[in-house]
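What follows is chain A paired twice: with chain B in the first complex and chain C in the second.
The block that comes next holds the complex of A and B.
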């Protein structure tokens, strides 16, 4: 009888896995999968479907237009110009934000008196809502009564109209960099995770501060730098609120007053959706942008093999 | 379980199939809802009360107004949503629009032609509070007969309005600059206005200490441009509202005036914007001599300091040509979406808000002109500036004309396009002629797209 029972039993699985059936596994991951499908895949699919129409966002007066929105986009010089500005913005903001947040983290990683206070002060701007931050900077940048021009005046320099072109672009970059406290905290955590014995070994071998930083610290925190670059690129591509908030008007129709230099791709998309009532075309713009972001992220990902150091072999099967 | 076997493990393929089907359904459902937004709408409450979803500005339809309306109409409860264009779009697209929506008379042709608004004629015919014979001409901007504004049924009612090209000025700043006061009855020309603005402006260390003039540049240039063109006897659209031409001599002259104003530095413009995007705070601070705003502007001064009340005056809309015009640029009011499920209740709110105590309250405060003839005598005339403004506004009624409005473009389209090219011309990157051609081309492209969509 014992022999018969043994014959009917399926080959035994390793004991620790047998407790987890496939059903249990998928039950646990299903909230995320459902969330991804409903909050990411569905909007993507919906936007793609809309991109094949001339839907105006409110009425039932629409029809399928095939790929004509995409064809029009290929010829739309305004859209490509806004994309070029977005690339320029990203090319400036990402390195600057990574470098400055790393610099601040290095400073705040030292054993200084009241370092906790400094960490709080540097982090504080990133917890202030972006609307409040933008209003503050608009007042600072104001030509006639702003703090910045008051300082310039004290230095004997002329007043600058900051919030119009061409300086509006730099005002936008300053506003963006103002909130890099989160990146600083992540960098700080990474720096504190660097084994002290590695740095000490380098010092014993005769390395100076800079060489220790360059050849020990940076490689050790390079996965975090990589994370910052990837998320920075994606977020910079998608910037919308900041240019609208800096625009020379109140909230009503802000998009109509965004200066050309800060008229980034997402502002152009917003304009197509809400000023021009072209939800179909705007959706086509978003889909093309999605592909561009995907490709850019893949390129950054590919480049990581040349500059990101992992302590473990990522290809090794565990 | 027979034979003691465990259930077949859920395969990855099977696991993903279900949610994928769910996702596909979820994609299709809103799209189909967008095709024919016939379902939805604000539902009545289970208590027997009708819940009226209202999208309005809470500083205009106040808590007190809502409480009083609900007291007078115990079968209706109001759910107020703060005015939000993006949210309105989403609600309209999903087929669950609000029952009562804030909107402007000028520019309403776009919504009306797209079938988004309810024809109010049957309500107006039966109403004792709102009668067609009592509606001032500004309400004609809500009318749409399928081809043009000003004819056909009403699709909305204006709350208050102004002749928005009129001027408010600070006599103290005129006196300081040794410039004669503007007449409260005879209009200046735009050329004279530019000249006066230059004399009134005061610059110090490269900054504007006093602006000579404000035209609410950051609110959009279409109003001033259209007004100037109409004053010269020109037109903005062709007969069927499908094309524009801003390269006409009249339109180019108006564009040139805007560019000259920006370049003069005498007014806030895209070259030198105001931090809060509006003229009011600068004017009230005594840093702007003239502000081109309608009668409503006077409502801001009813509780201002006595010296400011004593020094401000209203002047007629300037002219650019032989024809005197004094149009309304907006005429804020309300409309009832065609898909509203509670139109009768929404109409009761319309009657209360447009002809009831809130309308009387607005009229007596001087916060804009009432849209009903019967309320005009209630405008304030206690203070000297109010008396003068009353006379000026009454005289301007004779010159009220409808603003050009095509259903195939939005006001936002004009504002965006004009901002872009007037700014370039003001920076001398393009000429006024090129700007005129670019504006014409861009707006005509949008008109064509709108015509294709609406039919």
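The block that comes next holds the complex of A and C.
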């Protein structure tokens, strides 16, 4: 029901009121502002401070070492190799998961019986806690008792030792793709938000199904795809727990069992901190990574104008 | 017409194959939890257990202090969920309905912190907290709860921004301050969002591994850490069937929450991902 507004204006608000409103704004947002400063900015700054020292985590005998941690990092071939692996992992996982979740969304966007059941099944893994995910995939990938090798066996194929190199890398990718339900639900909503008239108009103009999808649907949902790419890149840069739990590492610091192919950058950081007790060096690695993430996010953002279509009114709800 | 029916048939076949991929690992976990240890290592590999071994579940809850870890997980996730929901609602209200200098840049900072990988701050936080004596306490979770979550702030802000202005104008005429407008008018209106926020933040913390692994020792830690570090035989090897039983018990609450409240999860995912 739309009530035509009579000439009833909002109550006149004197200067005193707007001062009150301004103060209240800060009061209301203060939990986040304080939290951001104390729980995000302070730890980041603290990490920068330790990155200039040779702090080992416990002893009080530390000293300032200037930028020598950073200089060492430049020459650290292990760190660069782990960064390269992280980039390779990201370059595989992000396009794959965006493409597959889009494909699933298209599949589920059709009027089919029981489509809701399939949506639930596909979405479910994305809420399974990381620990349970790792435990169950370890059982699936198990060489002698795993589901995957059981299937291969029935097909007359040989068993594969999945969780060592070189297959461990692909096992990690499969585990990641298993949890793409969130992206799928987002894309499904995006597809349902595309005005049906646009697609119908294209059909009337003689476009086939593929061309409607390519030239109408895809541009319309490109902002959502873009958002998925950005968050996907950031998420896959920071992967740490999955490689740790898939390998038989069971206590903090024991990262020696992580197979080289899943020894990603954050695993390397973790190892420097907790296995080698090099808190200063690990912090330098974190800060370099922070800058790398910042720069790559900006680059993706920059690239957006070449392939993302925004409707005129970008920030209408402000 | 037949062509179309054929197409639907093929689609269903594809959906079935995909369903096996997504549900298979979960099913395998439960099957492993029901197998006897000797059956788990049998050659050739058995798909189904011959007789379900419920004793794996009793072993899972008796070999470690399962109840205590569950209590820790519940307490930690519950405390965090309640605190972060109310703090995020307040911050969301501020950004949606109040004016103040610097609001736009502040909101931009908030949105960009959504992009900041939490892992970057977690390890330094651990170092800092171990020096402040906050390790092995639950204070870090209280602090994280009080500090609001940018993701949930965004969720609340979107909801509050859509409420007609007449609501607060009427209340202001009646002499209400913003505190009471928030508490008496906006919060009661936002029950679905409150519920979404509670469910989401609870499952985040229930599923979190790294923070409890770093900040809590084995006596104070959560179920997620405990089940990864326990269930070994005297040689130090994992007993996979018992660990599978423990992991099953650990995911069941999350599954139930998800199945009963799927629309709330969908809502939160959609409003952040599509409008974001």
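The rule we apply is simple: the second predicted complex is superposed on the first by the 274 of 318 C-alpha atoms of A that agree within 3 Å, B and C clash if a C-alpha of one lies under 4 Å from a C-alpha of the other, contacts with A are read in each partner's own complex, and residues count from 1 in each chain.
We take it that a contact is a pair of C-beta atoms (placed from the backbone, for glycine too) under 8 Å apart; a residue touches a chain by one contact, two chains touch by 3 or more.
Because the structure is predicted, anything quoted here is derived from the model rather than measured.
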Clash-or-fit label for the pair chain B, chain C on chain A: clash
Chain B versus chain C as contact partner of A:214, first or second or both or neither: neither
Contacts of A:46 with chain B and chain C, given as first, second, both or neither: both
Which of chain B and chain C A:153 touches, first, second, both or neither: both
Which of chain B and chain C A:38 touches, first, second, both or neither: both
Which superposed partner A:131 touches (first chain B, second chain C, both, neither): second
Partner chain(s) touched by A:26 [first = chain B, second = chain C, both, neither]: both
More chain A residues in contact - chain B or chain C: C
A:190 touches, of chain B and chain C: first, second, both or neither? second
Partner chain in contact with A:269 - chain B first, chain C second, else both or neither: second
Which of chain B and chain C A:282 touches, first, second, both or neither: second
45-53, 63-71, 81-89 or 261-269: stretch of chain B that collides with chain C: 81-89
On chain A, positions contacted by chain B and by chain C: 21-23, 26, 33-34, 38, 42, 46, 50, 57, 139, 142, 144-146, 149, 153, 248, 250, 252
Of chain A, residues touching chain B in the complex: 8, 21-23, 26, 30, 33-34, 37-38, 41-42, 45-46, 49-50, 54-62, 138-139, 142-146, 149, 153, 158-159, 161, 163-165, 248-250, 252-253, 255-257, 259-260, 271, 274-278
Residues on chain C engaged by chain A in the complex (per definition of touch): 8, 11-12, 14-15, 18-19, 21-26, 28-29, 32, 40-45, 47, 87-88, 90-91, 93-95, 98-101, 103, 106, 109-110, 113, 115-121, 123-125, 127-128, 143-144, 146-148, 150, 153, 158, 161-162, 165, 169, 172-173, 177-179, 182, 203, 206-210, 213-214, 224-225, 227-229, 238, 240, 243-244, 247, 250-251, 254-255, 258-259, 262, 265-266, 269-270, 273-276
Residue numbers on chain B that touch chain A, as the complex places them: 3, 6-7, 9-12, 15-16, 19-20, 22-24, 26-28, 30-31, 34-37, 85-86, 88-89, 92-93, 110, 114-116, 205-208, 218-220, 270-278, 410, 412-413, 415-416, 419-420, 423, 427, 446, 449-450, 452-455
Chain C partner contacts - residues on chain A that touch it in the complex: 10-11, 18, 20-29, 31-36, 38-40, 42-44, 46-47, 50, 57, 104, 107, 110, 112, 118, 120-125, 127-137, 139-140, 142, 144-147, 149-150, 153, 178, 181-183, 185-186, 189-190, 193, 224, 227-228, 230-231, 234-235, 237-238, 240-241, 245, 248, 250-252, 266, 269-270, 273, 279, 282-283, 286, 289-290, 293, 297, 317
